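Shared between the two complexes below is chain A, which pairs with chain B and chain C, respectively.
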Partner chain A sequence: MSIPLLDIKALTVEFGTRRGVVDAVRQVSVTVAKGETVGIVGESGSGKSVTSYAVMRILDRAGRIAGGSIVFGGINVGKADERTMRDLRGREMSMIFQNPRAALNPIRSVGRQIEDVLIEHSLATRADAREKAIDVLKAVRINDPESRYHAYPFELSGGMCQRVVIAIALACRPQLLIADEPTTGLDVTTQKAVMDLIRELTAERNMSTLLITHDLGLAAAYCDRIVVMEKGRVVEEADTATLFANPRHPYTRRLLQATPRLDSKVADLLPEEDSRRRTPSTRPPGETLLQVQDLVKVFPGKDKGDEYRAVDGLSFEVRSGESLGLVGESGCGKSTTSSMIMRLLDPTSGHILFNGEDIGAVPGKRFAGHSARASLQMVFQDPTDSLNPRWSARRSISDPLMRLASVGGSALRAKVEAVAEMVGLPDHLLDRFPHQLSGGQKARVGIARAIALEPKLLILDEPTAALDVSVQAVVLNLLVELRERLGMSYLFISHDLNVVRLLCERVLVMKAGRIVEQGSAEHLLDRPEHPYTRELLAAIPHPPSSPPRVSSESEDSVIAARWP
Partner chain B sequence: MSSSSVKNFARHARYVMTENPVTALAALLFLLIVIAAVAGPALVPYDPMATNDTRALQPPSWDHWFGTDHLGRDVFSRVVVATRLDLMISLAAVAMAFVIGSAMGAVAGYFGGWADRITGRLLDTIMAFPLFVLAMGVVAAAGNTIENIVYATAIINLPFYARMARAEVNIRRNAGFVQAARLSGNGDWRILAQHIFPNTLPPMMVQISLNMGWAILNAAGLSFIGLGVRPPTPEWGIMVAEGANFIVSGEWWLAFFPGVALMLAVFTFNLLGDGLRDLVDPQRRT
Partner chain C sequence: MVRVPKRLRLVGYRLLQAIPVLIGIVVVSFLLTRALPGDPAVYFAGPAASEESIEQIRVSMGLDRSLPVQFLAYVGDLLRGELGQSISTGQPVLTELTTRLPASLELTGFALLFSIAVAMPLGILAATRPNSWIDHLCRFVVTAGVSLPTFFTGLALVYLFYFLLGWSPAPMGRLDILYLSPPHVTGFYVIDALIDGDFETARAALAQLILPAVTLGLFTLAPIARMTRAAMLQVLEGDFIRTARAAGLSGNKVLYTYALRNAILPVITTLGMVFSFALGANVLVEKVFAWPGIGSYAVEALVVSDYAAVQGFVLSMALLFVILNLLIDVTYTLVDPRLGMED
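Right after this comes the complex of A and B.
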């Protein structure tokens, strides 16, 4: 075997914190050969990003490489001086970050930003920089690069920004590209476009890629080899095919199981012996609970002409005990719709009938005192943002009970503890502040707050988007259980068809404020009629659909692991 | 507040002090100032008002640490006793500016629209004046009393709190936890007072602390030019003003020591800011 391009040996990274020194990465060894794409997969806190920062030597001040070595193209990165590193970064190895908009300078045109990199590494002169920058934009398949050259990041969509970031990363034709969650926060169709682009470009130039992701499906589709990390250690490393066919480590198996496949049920996401597994009941839904008729929301623009129709004549209904999925990509109007139903936003026209009463006619400002307020609750997308940072979990859960149910004293305490127990939140966590809780625990607090009043309709706005897959598996099963116990109806809003169908019997697909297709979840998945639905489905990267516990695997699953 | 949360707070306070020695130094100085303000008159060796012709203008010595002034009064006693008055003026002024200013700013930031436009223009008007001149004008117009110094200092400090509160409230207006509070049945005012406003406190604390120093300087400045506190009341600004006449003739200690006291007080409050922010921010408490 030839010398690998990147050779990480027994890397240990420490962080100095208030509670003493913490090892973020322990004894990690990873190699990347020339032209190879290696995925580092792990959940939050696994040390996958820290490893990549160590390679680039961009750890923050508290972190330091405590042991092991990183050799890149014959240079010992751990010992190299800052000058050498400056030359290496950008020119020999570059990085793509998670949030493309944050990675770009907001007050410099994108063309300029590409020029900066080229000039910095002496690959262009002032005279020909512009021409070369446009070439680079062309290389990342940006339409009309001459005019995009002058665009500012805020004028571009998220996917377009990520293309520019890739353009900057690849401008100097580096040998190694580190992509740290390059598509988190992008829509699935954009994700596919961006990842395909990365794959094409790196293959064209015979580059190596280190893809860091929490998404096994994504890693399965794009990586030659996968390294699984847990709590700062490498637990398993194998070829993509081997890993999916025959995962050896229990953590890998758990992770594989928690990743939704095309054919998995919600209970399948948890191990068989887990007591939290739930199967949705097949009880037929009751009478109509919520009826939305011709709902329209228009946001005024600067002039009369450029007003924006976020929701454009939407009609649907939710029956009691039913779960309805609302699927669409960012900007399709699904969040605007949920805000209107929750009465946080007033519709421009149309009706929202809840139990026969038109609650859309009550102004959102005065809805706090309405009798239906307690029956309509919501679980928000970002569990961190949706909790008051100065309030303990107990106080957050108490708030709706105090305001709307006028519960107080020991009854309140008992009720909060009962609800917390229902969502699986141990008592001792109730007095913690949000920043002292993990993502999954914060999600539970959010759910507990929403169900404390035993609402009739619960809107779930991407409730698991910010969570690790193993936590998502638990939360989804919890939601199934709570629906049965409390007899709630769900309106599940998500961009991920794959997750929605686990919980919902019926699904609406939305695009540009309108419903393009609706039907039962299975029907939509098996026989999508509208091209947009098909596009959405095709863009979701799936791990091979066969269960990982079966060890005898054929070549088929390897092909399936690429693209469905 | 249970005893465990008090204990937690004490532990957190200790951590904030040990992590940043500057904060510990500031806290020490602050403690000194507070002791001087509370117990000053009981601690000092001489009556700060007692004149003694035979001991006029003596340089610092064992009997008079900071020397004596032109009327034979002990400068050390006067500097220590003056702490209470200066601290009271600035504390009252800053408290008033904080309460009124942040309330105005919070309302403007949350409701926007006309409330925002009116407060905005009002603050712009205040800010358009050279602030010290505005304070002079207020005191001159309203009458030369200690209360009026407090009001004047409060008025010129008000825009800082209002603008800060407006910005801090505005960025949180549509935060997830605010939406969640609305779903929990909270009305606008309750959301503003209980959910948003407490979250703006950490940056406000820094502002309060910096402002304290500035308010002390401002009150002393007004006294220096002969507005507000009048002799023979011991006050740092007047003492510096009186002492200034004697610097040319070599009696430097009259102005020097009250000046140092003033500087130390301002220095203390400026340093204290960061520590205070860390103390009230629950995110720093792990």
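Right after this comes the complex of A and C.
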């Protein structure tokens, strides 16, 4: 092999914190050849982002390259002066980030932001910058680039913003693109569009790409070679087919197993010897618990003509002991639906029958005192933001018990501890505050709070979207266990069909406020009828099917990556 | 191009919103002055006046009539542009205000210019170099600025620069008696003298202005520096700053075009608050430097229940605040494109 474009050797990055110096990245070596796409995969805290920031030399003030070397195109990045670095950044190597809307200057038009980069690197003058910026917008397939030039980030969708970020990164035709979780938080179809665009543009220009992601499926679909990182170290490196066929390191295997595949069951996400593995029972569901009839929610617009029908004539039912999945992309009305069932929003018309009673007729403001309130609970998407930062875990779990069941004193204490035990939250964590808990622990607090009153129906609004896959695997199994133990029904809301089907027997696919397709999870996956369902399915990047067994080297695991 | 009429409409809407505020101010300022303790007729008649003469004066001032009638008369006068006569100085209130208000505005304006010139760079430098010596200096200046009372800093400055060093002229009003006040254009002596082409007078007026302006400016510096630092720190943490750095933009471009423009919004709000606050808090500085401003005028009028003067003062201040808030709102909508959306 010739000299690689990017050569990271034994890189160590330290961060000065209040508790002393912490190594975020230890002895990491990665190379990227010209035209190659390399994925760095790992969970939060693995040091994958820090590695990429070190390459760009845009570490925080507290961060420092403590050892090793980074050589990019013959230049030693660790030793280069700031001027050289500024010429390199944007011009020779550039970066795109997660959360594209925040990654753009909110009060500068996107065209001007592209111009800034072109002018900075002397690729345009004030006279022709505008024209060139519009060309760049065209290159990232933005429709009507002339008028989008004037748009501000808040006027564009998330996917559109990411295209603009890509436009800024690629404006000067760099040799290396670092993509740091470029599609986290975007819908699956948008994710596919953005990733396909990146692949196409980088291939066209013979660029190298370093894709940083937590999603093995995404890495499998788009990378030539994958580097797996754990706790600041590289644990495994192999080309994509080999990695999936024959993962060597236990961490890689665990990660692979925790990533849902087309054919995996919820128990498969955890290693075989793990005692937390659960299999959903196949017992037929009981009688109807929740019936939604012709539910409509209209949000008034500025003028009469542009009112917005977020939910448009939705009807479905949930039986007791059943899990129903509600799948759709952002803006399809799934969260509006859950808010109406939770009686946080009043429906415009239609009925919500819970245990035969029309709770949709009770005004949302008065629902807190309603007898059905305790039987309906919700687990929210963001485990951090949905907990009061000034309340300990114990206080958060106690809250519904005190308010809705008037439990107090030692009974409250005992109940909270029993619930915490049920969700696998050790006693000593109960007196911690949210910022002292990990993501998985916060998710458990959120679940414990929701099940404390032993509700009949639990609404799960993307409960694992913010979690690492290994934590997601544990939480999903926990949810299966809790449903059996407490006899609850679930309404599982998510954009990820692949996660929903692990838990739900029946799935509804929603688009623009309506149900476009419904049926059993298997049926939807195997024989999707509606084109939208097919599009959703095709957009989910999967690692190759048929998981390699953790315990033994599997003979049938040599299966090529599935390229969507 | 679609954006401009939308913003204009927004500005027009804000202007309309000011009308009910103004009506409210007229009512409240009228009622408040009536609620003042003390009887202006008694004061005006003098210590030796008999019951009858006091009564006569009361009638002539219109104070014997019921409140609604008095209010209507007051509104009628206002509509004709009359603010009445001050009973203590005998001058029409309008004349007094038009000479004293510019004096106060000139003082406060220069003070603010001084504090912006010091506080914003200080705040920016402190935010870009947290925990460096400049950050500590910023913290020290901020603390000193708010904790030292203005009359103390004023006197200390006079002692140092007039008494000990003799660099500044006597702290006696807006212009040394050797000079004639410049022809009235804006009411700001420095600017009027410059318009007149009389640089000598302009320099003299400026010399008189510097010490009181710095005194006031030292006090108003603190909130501006603190807000600049906090806003810059927050913006510099933002993801879009990282994008700008990753795109190789120069340090100055990132700092000024990207960070400062975003951080300027809360600073503008603070500026507005500080300005209105400083106009009212002027009194002590005006007293120390014998500055013929509006603050000392109002205090004197208040002490003797000089209705017309107090009403005139409250009204003009309220008007100023309304204009100031309007200006801030308009600046906001010009700086931040997101505001145009909230109709």
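Rule of thumb we're sticking to: the second predicted complex is superposed on the first by the 551 of 564 C-alpha atoms of A that agree within 3 Å, B and C clash if a C-alpha of one lies under 4 Å from a C-alpha of the other, contacts with A are read in each partner's own complex, and residues count from 1 in each chain.
One rule holds in what follows: a residue touches a chain if its C-beta (ideal position, glycine included) is under 8 Å from a C-beta of that chain, and two chains touch if they have at least 3 such contacts.
All values derive from a computational prediction rather than experimental measurement.
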item	value
First, second, both or neither for A:433, with chain B first and chain C second	first
First, second, both or neither for A:376, with chain B first and chain C second	first
Contacts of A:142 with chain B and chain C, given as first, second, both or neither	neither
Partner chain in contact with A:332 - chain B first, chain C second, else both or neither	neither
Partner chain(s) touched by A:399 [first = chain B, second = chain C, both, neither]	first
Partner chain(s) touched by A:385 [first = chain B, second = chain C, both, neither]	first
Complex contact set, residues of chain B against chain A	15, 19, 175-177, 179-188, 195, 198-199, 282-283, 285-286
In the complex, chain C residues that touch chain A	3, 130, 238-240, 242-250, 253, 257-258, 261-262, 335-338, 341, 343
Chain A - residues contacting chain B, complex	18-19, 342, 344, 365, 368-369, 373-374, 376-378, 380-382, 385-390, 396, 399-400, 403-404, 433, 435-436, 446, 449-450
Chain A residues touching chain C - in the complex, by the definition given at the top	56, 58, 61, 85-91, 94-95, 97, 99, 102-109, 116-117, 120-121, 150, 152, 154, 165, 168-169, 302
